[in-house]
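My structure is below; once you've seen it, I'll send some questions.
Naming follows writing order (A, B, C and D), and every chain is counted from residue 1.
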Amino acid sequence: MKFPILTTILLAPITAMILIMLVKETQTKLIKTLALVGSGISFVLSAYLVCTFDFQHPSFQWTEQFFTVPGWGIQFLLAVDGLSIPLLLLTSIIMVSGVLVTQRLTFRVKEYFALLLFLVSGAYGVLLSMDMFFFFLFYEVAVIPMFLLVNVWGSGNKVYAANKLTLYLLAGSALVLFGFFILYFKSGLYSFDLKALLDGNIHFDAGTQKWLFILFLIGFGTLAATWPFHSWSPDGYASAPTAASMLHAAVLKTLGAYGILRVAIPLFPEGAKYWQPLMLALGTINILYAAFCVIAQKDLKYIVGYSCVSHMGVVMLGIGTLTQTGFNGAMFQMFSHGIMVALLFACVGYVYDTKHTRNIEELGGLFKEMPRLSIFFILAGLTALGLPGLSGFVAEFLVIYSTYTVSPIYGTLALAGLVLSAIYILRVVKRAFWGVPAGVVSVGKGHGHDQGPILAGEDLNWSMSIPNYLLFSFLLVLGIYPKLFTDFVMQTTALLLKGF
Amino acid sequence: MNLNLLHISVFANFLAFVVIVFLPKTWVKRSVTVAVSFAGIGALASTILLFRQFSAPAPIEWVIPWLKWNSAQVNVGYYLDTLALVMLTSVCVISFLIQLYSVWYMNEDPAKKRFFGTITFFTWAMISFVVSVNLFASYLFWELIGLASYLLIGFWHEKASARAAAIKAFVMTRFGDLGFMAAVILLIIQVHNTDISFLITQAGSQLGQTQLLIIVGLIFLGVMGKSAQFPLYTWLPDAMEGPTPVSALIHSATMVAAGVFLLVRLFPLIELSSAGMHYICFIGGLSSLLTAILALLERDMKRILAYSTCSQLGFMVMAVGAGTWSGGMFHLLTHAFFKSMLFLLSGYFIFASHHSNDIFDMAKVPLKDKSKLMLALLWIGALALAGLFPLSGFMSKENIFGYLLEHHHYGIYSVALTISFLTAYYTSRMAFVVSRDGHHQMEHHTISKGLNIALRVPVTVLGLVTVAGVWVFFPWLKEFFQLHLELNREFWLNFGITTTVVLTGIGIAYLYFGRKTFSEKGWVGFVPGLDFLIAKKFYLDIFWNAVMQKGVYGLAKAGFWSEAHIVNAAVNNVGYACVRGGKAVTKLQAGEVQRYIVIAVLVIVAVVLYLTFRG
Amino acid sequence: MIYNQLTPYLLVSAVLFCAGLYGIIERRSLIGILIAAELILNAANINFLAFGRFMDVDKAIGQIYAIFVIGLAAAEVAVGLSIVIMIHRKFKSINVEKLVKLKG
Amino acid sequence: MPLSIGDLIFVCFVGITFAGAIMAVSLKNIFHNALSLALTLLGTAGIFVFLHCEFLGLMQILIYAGAISIAIIFAVMLSPPLSLKPKKRSVTKVLVSLSVSTLTFVTLAYIFIRTPWPISANADAGDFSATHIGEILISRYAFAFELISIVLLVAILGALVIAHEEPGDRRLDPEISLEDERWAS
């Protein structure tokens, strides 16, 4: 029997979590090391998968099946294909950098890392399991720890944010669960096996497809922060501790879009066609509305949070085009956006830890005080505004291109979003990073517990900037040579359209 | 061999950029050395390439696939025909000279390393844009040029005005860039190929007239942003907030030149849309005229030069729109050299007048404190800009005039004459004022000796090119640009007219500024309403500010409001409704046993009654 | 012969039951509630015996049930009273309206 | 239908029962309630006799009226505060209780009257004797009988344990007390 790589990827963080829970609270070094090892194993393995992945082969690879629950149609089935493998890599990168970013945490270190690992194992589970039962199980596992992470280690209006985030996502997942049950019965398979469902040429009649598709669209769309179900996300990220907002914004949000691509599009082509105008409109509204919201924000984390919503609009738009290029663009955007937003959150988190304020009107001249950090922020910001040479541009280009093939009006509106993103990113850079250092280390309202002592003006040191280098290298490499990425998803996205 | 030379000239600057990025923070001097020497190598390589490749029959093409999707493929690589080669060489050389000059200019700036890093990056982006094989790849570098100019304009980011100018430049050019991007996308959709060689030979025949007009309009939108055409030119005067070498670079061979170069590059495609050509010509003429008028009263030397750049760019665009790509391109080339020289000189004069940009402050400085060489070069540059024989500006302008006359575009010809007159007037006004002998004694400060070479060499070289360059290369240029400079009757007629106009302009400037007494406004004060319009800058700045403040920020506030009062309020009210409902239901579970019993009994009674009466 | 029909007994038991119910709902005192509960148990007993007499069953069965009920009632009262005393000792009150920890 | 002597006596017993029941729930003084309960139990014992269950009637008087109600009365009397007059009763509560119990009564009465009970023709022919009860109790219902014995035993022990006052009782659960104003209001 071959080595069960996928299971190891899934189990490594869980094992690390269990080990961490066995360790004494005071041994923070050991805890951090364990967390790093746990997430590192997953990272190395998913990198190995990426390297050995046969991207000419459109369907599932590395299938692993461990047990089935006979009679219930439940089985523990893991597999990857071109859709999940980039996101798998993304998750592991973000997790490793999230752990590395959280060096200065002193408050309840043990529980923090345990929850973080639990969260990420949920994300791995969603990406890997090809069984709707486990898909949903891990989906919930990924949602719940965030509640505690925000509530205990958060800052600002954290109770409100945590409640809002959790309730919103649970409401969305309730729709998804409902949809899964309907699939279970309506497909006639009486099985939760997603792979069989996808491979099985099951055809639903047009009416069913229409309402099932909208069900999944709203359910997964809530997690993907689709307007008007987005408002959990800026609040949640503004309050969450750094690593949690990195993981959540980068990985969990993309899980929503992944769900749409994985389940809704291939199973309900008629429904997708029927709701295409809605998806295009929602995507465009997402882009523009959130971009306008960012321009009015003052809190750095809100700025990143809303820009994240705006970028998810690009993903939605790409999916809404129902073209292969659009799907490629959406996948590209998920990956690049994930890395970028994680980098932004890492920088913002560092600024907040150091200056104890995130209000851009109180900040200023960060470039003089912390040049290295500022450069990372600016580079990530440039990715956000779609600068060529960085990965965000390719994603947005692919999506906008495919939107033009479908509807030039939406394409033009999405292009306008690029101007807005330039405005808001440069506004932040201008207010917070350029200029003369404000010198005021004012303590904002609502402390989080993740604040160390005041470290005025200290730049990132080498070890702290490792995750930033890691994240940025992906932005750069994919921006310079995007073929690396598109080759991976090409075959699978073509397969998504076979029902059309 | 030629390909290797091309590699060297393209990547020399990029290599310098990478090296500077990875140099330790404290190695400031070394980073300057790296930048200048690499740029020098690039300039040398490109010059050799110019000589080797100029009359070569086939362009150099070198392609690697970059991104592929089902219907199209995008390549990156080189497409180096003579047009690109000429541009490449001028960019490399001018950039090298400006970097050399920066060694003097930025001597005391602590952030030199950042400066040289960015400027090498800027040069690389421009060079790559020029030699790009594919329109999509051009777009990539087009944006990078925008980024680099943003970073350079905002180089002194401690100044609020510099920050604002940088953002303004980036956002306004980006607005235009998106037109370019849309055009690229439409081209990919329509003809599935954006290779330059394909576009300029075959693409036109595959496009309908309307499609062509849309695409040309969109591309020109990009040009309007980058090359500062009406109504998007307002960023360019503000861009003077950057260090002077940056202004020199932006205004001559990079950034703004990119727009005109793009028009020239795609001329065979654009030419097919006559409506598009009319539009381009109109916008070019309008911007040229407006910005020339704006320069009439300007006191800031750098801003005068900036307006003159706008005006000259408009002139080139107008020429291209009128149908002569060679006229636009040739003027772009000559303009690049003398305009960069003028900017470099302005840096010197600003320095000499103790960091005042005002030309009337420069007039106060005694003549003995101004270097004779610099004054001479200033006059050469000014007269070249005015278009006086035998300087390079004369040649390129004369070429355009000749074309216009030959093709009977008399309307455009008269507009061009007006512009020429205005240009002659304001440039010589500037030169007259700057070279006045003032009596204002200031403490003497010396420019350090060793660096003097870094100051003198670049301006002198540029001055030499301005004076003699065109004549040295005349046969080649004439052949390549198909110059309209045959010594026939039309030529002499044209020569007479233009020289008269230019001399009139210079003469009027002398009347007001060259003599012992002088007025500040000159004749403009006598034209009713004109100085008011100039002071208001034709309301364009006000308009764009309103778009930004009222439009974008207004919408942002509206979005924020709706986020708080509609989206969030809806969510919160759902939450509150749940809480209220929960509170209402908890009344039933208040812990009072007797209430439970009442409810239980009532329910049992109800069930019993139901069961009794059911059937 | 009212006493030889089933319905009167049942009605009597219903009245007892409802009186007990009233007591349970209305009384504030725990002991009052205990007393009301005894009424209900008695109503049940009457029903057992009445059905035992008038239905076609072994005549002992209704009585045996009644005996069990009486036994349980005894146990209930014993435990109930001790709880009442305990509560009184701790809370200084046996008013059920005050013995509320749940807050709606 | 003429009323026989038996009827009169039956009505008397029913009246006693009703009067006791109503007093047991309506009087304010808890001591009076307990006494009224004893009265009801006595009336019920009479009704039992009419049901041919003389043995049960006896048991009722012995156990219920004799032991249980006495236990209640003792409890009331032994702990003085329990006999204190409670506060005025609230009108709404009375109305609610009255309406609920009336509704229940109407429902029950309707069902009792309407239902065609399967009354056996020779209802009084069976063996009502205590001997028979005893036989069945220790044969067919032996297990239940044992069980109820255990229940009683446990109840007695439990009552003892619960009511036994430990010296440190208050200290164990200090926050549950009416003095604590957090929940007294």
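The rule we apply is simple: contacts are C-beta pairs under 8 Å (C-beta built on N, C-alpha and C of every residue); 3 or more make two chains touch, one makes a residue touch a chain.
Just so we're clear, the structure is a prediction, and the values are computed from it rather than from any experiment.
Averaging Cα coordinates per chain and for the whole protein, the chain whose average falls nearest the overall one is A.
Per-chain CA centroids place subunit A at a distance of 67 Å from subunit D. Look at where the CA atoms of subunit C average out and do the same for subunit D: the two points lie 4 Å apart. In terms of their C-alpha centroids, the spacing between subunit A and subunit B amounts to 37 Å. Chain geometry summary: the mean Cα position of subunit B and that of subunit D are 100 Å apart.
Residues of subunit C found to touch two or more other chains are 21, 25-26, 100-101, 103. The multi-chain contact residues of subunit A, meaning those touching 2 or more other chains, do not exist; every residue touches at most one other chain.
Residue positions of subunit B with contacts to 2 or more other chains are 594, 598, 601. Per the contact rule defined earlier, chains pair up in contact as A-B, B-C, B-D, C-D. Per the touch definition, subunit A reaches subunit B in the complex via residues 163-164, 167-168, 227-228, 230-232, 289, 292-297, 324-325, 328, 365, 367, 382, 387-389, 393-394, 397-398, 400-401, 404-405, 411-412, 415-416, 418-420, 422-423, 426-427, 430, 434-436, 481-483, 486, 494.
Interface residues of subunit C, counted against subunit D in their complex, comprise 1-3, 6-12, 14-23, 25-29, 31-32, 34-36, 38-39, 42, 45-46, 49-50, 52-56, 58-64, 66-68, 70-79, 81-86, 88-95, 98, 100-101, 103. Listing the residues of subunit D that touch subunit B in their complex gives 93, 96-97, 100, 103-104, 107, 110-111, 114. Subunit D makes touch with subunit C in their complex at residues 1, 3-4, 6-7, 10-11, 14, 17-18, 21-22, 24-25, 30, 33-34, 37, 40-41, 44, 47-48, 50-53, 55-56, 59-60, 63-64, 67-69, 71-72, 75-76, 79, 81-82, 86-87, 89, 93-94, 96-98, 100-102, 104-105, 108-109, 112-113, 117-120, 123-124, 126-128, 132-133, 135-137, 141, 144, 148, 151-152, 154-156, 158-160, 162-163, 165, 169-170, 173, 176-178, 183-184.
Within the complex formed with subunit D, the subunit B residues making contact are 594, 598, 601-602, 605, 608-609, 612.
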